[in-house]
Amino acid sequence: MTNLAYIIAAYSWGIVGISLMMYAVRRQRLKLEAILTHLESAL
Amino acid sequence: MLQISSLSFRYDHVELFQHLSFTVKPGEILHLRGSNGVGKSTLLAILAGLLSPSAGQVTWGKEEAGFPSLQRGEFFAYLAAEANGLYLQLNALSNLRFWSSLSSEPLAEETIRTALLRWGLASPLLQERLAVGFLSTGMRRRLALARVSLSPAPCWLLDEPIYGLDTRGVELFREALQNHVEQGGMAVVVSHDLVSLAGLTVRQYVLQDKWR
Amino acid sequence: MSLVGGFIRIVRQGFRVEFQEKERLLTPLFFAALMLLLFNFVLDEQAEAVQVKLFVAEIFLTMLFALHLCFSRIFEADAEDRAFEVLQTYSLHRLAWFAGKYCLAMIFGLLVIVPMILLSGLFHGQATLFLLYSPALWGVVVLMLAGLSALGVLLAAMMLKARGREVLFPLLYFPLAIPVLLAASEAVLGFISGSAAAWQWLGLLLGFDVIFITLSAVLFAELVGD
Amino acid sequence: MQQRIGQGWTQCLGLLLYVLLLSLWGYALIGLGSEEHQGDVYRIIYMHVPAAFAAFMCSFVLFVASIYGLKRNKHGQAVLYGRAAAEVGLAFTLITLVTGSIWGKPTWGVWWTWDGRLTTTFILLLLYGGYLFLWSAVSDPVLRTKVCSILGLLIFADVPIIYKSVTWWRTLHQPPSLFQGGQGLIAGEFLSLLLGGIAGVSLLALWLIWQRGINLGLQKEIDTQLIKKSLRY
């Protein structure tokens, strides 16, 4: 395992992790907003 | 004297009740009415100090009625709906002894035994031999009511007091409540069973159902 | 209700409830003896020096596990018929309540730990006999118990109404107790080998005790007082 | 309620931080010259150290949220930020541990060393997990707010003690690992890049906690609306 492979492995873990979190928060926000507007319009 | 001014409670976001105001004077029994889930038990829990309201004030024990300013625990005696607050491994006598020792002036052994007699827990087997865990629900409820009746607290907070009691038990309860009120005590009772307060001078207070 | 009055009543009630079933008191001790047995099976006869190190490691690990059983049972009797809630409606001083339960945890803890350590000394025989007489060992054990009891009582009260608290209690108690385990075993080993670091570890143990006893008292009052 | 819906600028802020960080890491990977005796593998520090810092910063955010969570009949939003901090903190401890062990293999030849910092991060991971388990084990929201806030305070009080005990324990048994030794070589350009990385990741972590907290608030609001609707009929 050359140094390059270690670097790529470490960075990919970090970047994928952070991107996943950002994506998940964003997607959840959209889902929740949709439900809320639906609920408020139905009241 | 117990005074509640614009009390409201919010359970997470759901407002259970808002701006409740009423007073209870010595010698008065307040019968809390209202359909299920309207917040009667929550109100009692707030008065007893188990929950804190989201707004409003509870004041008690003003001097004019001859009650010196008492701590919350010394003013209220609380009985929960579906639990008696007893130590199930200990016998009836030591249960009452423990609870009475916690109030300001611990009672003499004699008064505790007479209370047990009054509540129909006379037999020595029942009093000392048997752990409370072996008693029937009715017997345990009587023991819990005996605990409340022994407490010097002027205001009783009773949630479904006659739960599990037989006719004799209900009579005993009414007698105890009657002479508690006659001695200048007061009580806030939640009970769907009208029999429990039959024949007592009672003031109704209906909790509005906020939603329907 | 005075502070001391409340304290005495809580302690007395704790004894009354605990001594109702004498054998229940011994369960943590039997658990500790079982653990010692398992340790000795796995780590059989060793050289002299290693024997001492094993002895120290064994007693502190067994102590941590056995105490976890004592602490998670501290409020059991109160929770059964929700006597805990009724206690909250009495004008019982919060600090007296915590101090009472803390004292009970210490006493029942000692009832388990002292026989366990003697038993472990027996298992390890001659090599560790001197340790049983050294005040360093007993001092560190008491300090460790003092810190863990505060943490144990607070966590037990917190999890009274939590689902699956038998699993949850160790999950929170052990990570938080790691510094105590480290400090205690390193301190004793340090005292035996006479190294100066032992006092450093003792300082850490004392620091943990002071912080967690005050913090637990304050947060317990916050938990029950409303 | 309208103001809480994700307005443009909050989302852009997040994206901006994200892009800034990517460019910083890009520069760290390509721009910087390789260092003499360690070759290129030291570059992992720009991912490992900021992630570790963010993980510990989350315990501070959890501490502050728990203080507010304990205040009487608080609206309950504060403790949601506490839970968000525990979740984000858990993620960052994972990243720290993985990048730490990947960094350890070429440097010391082992995937895991009982280095003081790594071990403390591992315990912090368990504490965050414990917080989330406690959160799901208590159903009554009022009690849950109080109990979880208390645990938040306990965690914050214990982390420094854990760190001290673990680092002492490590230095007693092994000469300070190269990692501490390596600290000396960070200077000038390397240092400023590292500090930039730490600031970037910490701000991003705060942004994640803030957004996740809002999401939890929205979720709670939806549940309440549903309860209110069901009570009505």
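Some observations on this one:
As written, the chains take the letters A, B, C and D, and residue 1 is the first residue of each chain.
Convention: a residue touches a chain if its C-beta (ideal position, glycine included) is under 8 Å from a C-beta of that chain, and two chains touch if they have at least 3 such contacts.
Worth saying up front: this structure is predicted, and the values here are computed from it rather than measured.
Remark: the per-chain Cα centre closest to the mean position of all protein Cα atoms belongs to C. In whole angstrom, the spacing between the mean C-alpha positions of chain A and chain B is 53.
Chain geometry summary: the mean Cα position of chain A and that of chain C are 43 Å apart.
Each chain gets one centre point, the mean of its Cα atoms, and the points for chain B and chain C are 38 Å apart.
Work out the mean CA point of chain A and of chain D, and you get 15 Å between them.
For chain A, no residue reaches two or more other chains under the stated contact definition.
The multi-chain contact residues of chain C, meaning those touching 2 or more other chains, do not exist; every residue touches at most one other chain. In chain B, the residues that reach two or more other chains under the touch definition are 51-52. Pairs of chains in mutual contact: A-D, B-C, B-D, C-D.
By the touch criterion stated above, chain A contacts chain D in their complex at residues 1, 3-4, 6-7, 9-11, 13-15, 17-19, 21-22, 25-26, 28-30, 32-33, 35-36, 39-40, 43.
Residues 48-52, 70-74, 76-78, 80, 83-90, 94, 98-99, 101-104, 131, 140 of chain B are the ones touching chain C in the complex. Residues of chain C touching chain D in their complex: 151, 154, 158-159, 161-165, 168, 171-172, 175-176, 178-179, 182-183, 186, 197, 200-201, 204, 207-208, 211-212, 215, 219, 222-223.
Contact residues on chain C toward chain B in their complex (touch as defined above): 1, 6, 9, 13, 16-17, 20-21, 77-78, 80-83, 85-92, 226. Chain D makes touch with chain B in their complex at residues 72-73, 76, 141-142, 220-221, 223-224, 227-228, 231-232.
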